[in-house]
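The following pair of complexes shares a single chain, subunit A, combined with subunit B in the former and subunit C in the latter.
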Partner chain A sequence: MTVPPGDTATRSRRCHGILAVRGLLDFPYWHELVLVMLLAALMLWARWQAPDFVTWETQLDLSTHIWELALMCLPMTLIIITAGIDLSVGSIMALSAVILGTAYLRWDVPIGLAAVLALLTGAAAGALNGVFVAWVRVHPLIVTLATLAAYYGTAVGISHGMPLSNYPESFRLIGGGSLCGLPIAGLLCAAAALFSAVVLSQTAFGQALYAIGHNETAVRFSGISVARIKLLLYTCSGLAAGLSALLFVGRRNTANTDIGTGISLDVITAVVLGGTSIFGGRGRILGTLLGIALIHETREFVSWHWSKAELNLIVIGALLIVSVLLNSLLSARRRLREY
Partner chain B sequence: MSTPPLPPAAALAPPLWQRLNRREFWVLALLAATVAAVSAKNPGFCQLSNIRNMLVNAAPTTIVACGLTLVIVTGEIDISVGSLMGFLAAVLGATSSSVHMGWPAAYSVVLVLALGMAVGCLNGLLVTLGRVPSIVVTLGMMMALLGVTKLFLSGYDDSIDVSKCAPALRWLDRGAVLSIPAAVCIALAVIAGSAFLVYMLPLGRRIYAVGSNPRAAFLAGLSQQRIKLFVFTLTGLLVGLATLVRVPQLAKVESSIGQGLELLVVTCVVVGGTSISGGKGTLCGSVLAVLLLSSIGSVLLFLRLSESATYWEQAIQGAFILAAVLADHLARRRHGQEEGA
Partner chain C sequence: MTQYSVFSTRYLLLLAILAGCGGERAGGPAGSAKATGAGVQAQKRITVALLPKRKGVPYFTSCAEGAQEAAKELGDVELIYDGPTDGSATASADMIDRWVQKKVDVIAVSPNNPDVLAAAMKKARDKGLHVISWDADARPETREFFVNQATAQNIGCALVDTMAKDIGGEGEVAILSATAAAANQNEWMKYMKERLAEKYSKVQLIDTKYPGEDQNEALKLAQGFISDRPSLKGIFGISSMAFPAAAKAVRDAGRSGKIMVTGLSTPNDMKEFVKDGTVKSVILWNTRDLGYLTVYAAHALAKGELKAGDKTLQAGRLGEKTISGDNILLGDILVFTKENIDKFDF
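Right after this comes the complex of A and B.
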């Protein structure tokens, strides 16, 4: 057993101090609770400052672009739980969108087939990441950093940086259409979230993900094929990025190479803000969803109220650091046990 | 019974064939091959003016890479360097421009270096005292700084004219020492300084000790916290220096300065053989990788392939890195060190 540097004796005495504090610190949904409180505080404040903002119609109007982000956050949560990371989702999104546009507009492929082609491209790009991570066993940060440049570069190379616009009405429905007053993209996203939450918390596969995040070698020795699981996860991530590209193109009616720029970092921010440990082994879909909601509402409220987009970045950057800082201070005891 | 005498240092050094297997050698070989191939196709590539341009362009990246190599060797990472450069460039432009604040160059320079150190130090404090993973800290810092830069520049119509800046700053672009461009001189000085730190000072050994085995370093009485704080602060300072070199090369200060720098620098450091999990890597490798990767743009230009080739530059860069990673993996597997990443 290894002990973290620092005066362990004092720390454990401080942490074991009062039974009530101990019980409080053991509460498993600390992070989610903090996020809910932050979100509630924000919405109350928004209600007081700008009553128009907190209405169903406004929220629905503002939510059109969040579904793409949310869709990519789900596999990213699973990947980060296994102590991996995928920086290339934004580039995969750009590549899929460009493939869709090129296939439909340049090669005259029917739109349905073009969409399938785009999804396959996303899955293949994710699978290539997975092969490098799982079989070649390179650190995922390096692999996806390289493919971030490679996929984006390929997208630029194929499209020459030109936007590809004009898609049929039927295709634009998936990005912008609604069903019973709810956006189709949102319903799709909710179904995916429910599915990932069930897989993560209720199945042996989900437990294996946490185990990989804690101790990969032990999982391998217990006869679980870590490589196959990782390959599957990265492929799912690529597929989700491809689907996000379809939603984006459907909503905006145009595909260009810059649609995914910087979105990987947004995705990782939302997941980490949601309480998933970047070192793996800890995290939940619920937290991720709250993280997305918090980022989204903060961003929209700041632009709504002060109409300064620059403030968003500052607020979200600070929010990310402070929330993880708080979590790390609050969970000092839990970390002690982890070592 | 006495213990046998230790073998001389020379006997402990790895044999030549193992040293040839090091990453630096392969990066150098690839660089040499690229230069040879391109100059065979187009002799203009080897002209002094082109080489001078390439080196001047690579100087800021090299300076930042020296700092980031040390950060990655301690097992941490700093992805806020690009945004920090943008922020410092805005500060430098606003303070030294005669249209705006019109400070003397020396004051602006000191302010930029001090601010760089302060941000680096803040990163370091959050990582060491706050116990927040460095990728999270610097990701947050990256976004926050980009926001600050945009907000700050919106007070100056989103861009500041560099030609109005203090004339002393222009020397950094136009000036030369012994006919070596000033930017290259500064980069060389930074490389020499970092090499001195790493190879001559105990602190350099400690940086590697903390990165390769934190537990052993702790038992040996090293303060992991203090060493990490130092490397983050040093990186902040070097980003300040890189900003001073970069800004005079440009026409305008905009918030897009430094965007993507963090990815380029991390890529270079990794291609240069530094292990992302810490404890392994050399400055030499990082510098060679910077030269290799920053030459790709110029190479494509001089190969005169066609108009569309320039669109593939990023794809080629990405493929390069993947190839390097794959080659490294195959080499390691042959030597039976697969597990030691």
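Right after this comes the complex of A and C.
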């Protein structure tokens, strides 16, 4: 670059300003920051409008509504980072719940074994998705759209649509019990989130996921087994759905084919709101956790304050659009700068 | 410079979080004190949360209108009407949880899935809230009363009385039911047969058929009735499939007005058949009154005026209503005819 001599003073001043702006744009946690600010604003407003809503007791009680969704969001984040998707988690949840109920109530299997069976069912259903995605190489959208229907159908076929209710008190602890004043389901989620975050950000495996999202062919040529990674991811997703089913059944004391209806889209909404790019290659567990928190608090507060379920749908939709717009605005500017 | 800006944003973030936490802790007791103060000053208002099976469908919207009417009449009732827009039982259960935390006085539930809601309803009762069911019953141990819109006997008698009137008190009639195991229909038929034997000796029930939940099968069986029995005067279509199917069969055969069809349905579903004369009367309960009675029952329960074992309940413009066991009976069957059906839109 040629600069006219004698103009160095102005140039350096201008550079200084640009550097500051660049520094701001380089800040890697913009999306998370925006979510935290939205969340803080929401909670302050809620505190002002409905003081009873922002109390430890209420928040703790209402938090039970979110653990199942949160658990499924973790593997979903990893899957979406590889530019994949899993639409079938809700149906896997229903299938696992029905297997649990049928095993315990109809086949008289002890509850512990029934729970293991349910988890295995979830993992197997996820693995089947993985096989089709990784080896048969059908687009995950199509595979999981098909299994979304198929697993639900299987669940209805096994249970005949009848609710399976009443489980022992000991089992219900995982969904509704607490340890040192904190819900067991929440602690479970926290552990899973920490594990996912470490795997994603600190390991070669995590790096490989981002690489797959950016350029799968290149990763394959570099000698990494993409198929094995994908199989593992979809299996984990199924396992998480199975675990969510246990939490739900423990909490509501009933297994039923409708429990996962529509939840797949809620999971994907939370992940995308958290800043994970639906095209792969970008995303973080921290963002997903904030996305979950924001959706949860918004949903609870809107219902609490206005008692209008229909308003909730609109607000969540608007929130998603705003966050995605913000995200693409920021990343567009960042990309522009790179060239 | 870069370092600095990053740091300042982090500090801001931390500050925001701290501010949130601090506000929460400091404001807690003050907030509740204010609420109690207001409660002492004004007359204590009773908050009633009314949960439909599904929000945004005409049937439940008309129930909610009745509920609002009652709330306005009573004056001290704060009515919350909310429910899942997709009819999801999980969402309904979440709503009950929220109302428990919000400490409403009464929760009135029309359960879309009694089993999924049972845990939440039980928790509400354990926390000292009043819980009743309306429109459809919940598990008995999860609620105090059930506002029952119509007993099987009410429905059975109304069906027979209406048919007898429509066909002029004599002739052959047939029943198109649901499945042979359908509990509601079987119960209604028991009372229909009793009523026929008791009051209408000239009306003969010649046949009962079970098409299941299959519209085509219902149509075929109804056509069978019409062709096999030239002297047939009326068909009862007593399921949501059977009623329109029977009406369609009669109309297609060109026997509108000669063979009367009656049954249970919401008015909008049967409007076209009522207008063209195939169906003279459609039977249902008054959904507005159902919502109205539910709010009156909830109010009386919260005030301590309604207790287990009571035999009657005063319900505003509906007058005195009978309580049978823990069922509060609405009792009145509403008959839609050509004259009044346009007044109802659900």
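Convention: the second predicted complex is superposed on the first by the 313 of 339 C-alpha atoms of A that agree within 3 Å, B and C clash if a C-alpha of one lies under 4 Å from a C-alpha of the other, contacts with A are read in each partner's own complex, and residues count from 1 in each chain.
Just so we're on the same page, contacts are C-beta pairs under 8 Å (C-beta built on N, C-alpha and C of every residue); 3 or more make two chains touch, one makes a residue touch a chain.
Source: prediction; values computed, not measured.
Visitor: After the superposition on A, what does A:44 contact: first (subunit B), second (subunit C), both or neither?
Guide: So A:44 only meets subunit C here.
Visitor: Contact-wise, after the overlay, does A:215 reach subunit B, subunit C, both or neither (first, second, both, neither)?
Guide: neither
Visitor: Output check: A:307 vs subunit B and subunit C. Expected answer is one of first, second, both, neither. What do you get?
Guide: Touch partner of A:307: subunit C, not subunit B.
Visitor: Taking the superposition as given, does A:63 touch the first partner, subunit B, the second, subunit C, both, or neither?
Guide: The answer is neither, since A:63 touches no partner chain.
Visitor: Subunit A residues touched by both subunit B and subunit C?
Guide: In subunit A, positions 308-310, 313 sit in both the subunit B and subunit C interfaces.
Visitor: Where on subunit A is subunit C touching in the complex?
Guide: 16, 19-20, 22-24, 26-27, 33, 36-37, 40, 43-44, 47, 51-52, 54-58, 61-62, 64-65, 163, 165, 248, 251-254, 256, 258-259, 261-262, 300, 303-304, 307-310, 313
Visitor: How about subunit B: which of its residues touch subunit A in the complex?
Guide: It is residues 77, 126, 130-133, 135-137, 139-148, 150-151, 154, 214-215, 218, 224, 263, 266-267, 270, 276-277, 308, 311-319, 321-322, 325-326, 329, 338, 341 of subunit B that touch subunit A.
Visitor: Mind listing the subunit A positions that touch subunit B in their complex?
Guide: Listed in rising order, the residues are 2, 5, 132, 136-139, 141-143, 145-154, 156-157, 160-161, 265, 268-269, 272, 278-279, 308-321, 324-325, 328-329.
Visitor: Name, in rising order, each residue of subunit C that touches subunit A in their complex.
Guide: 1-3, 5-6, 9, 13, 16-17, 19-20, 23-24, 27-28, 31-32, 34-35, 49, 55-56, 80-86, 88-91, 93-95, 97-98, 100-103, 113, 115-116, 118-120
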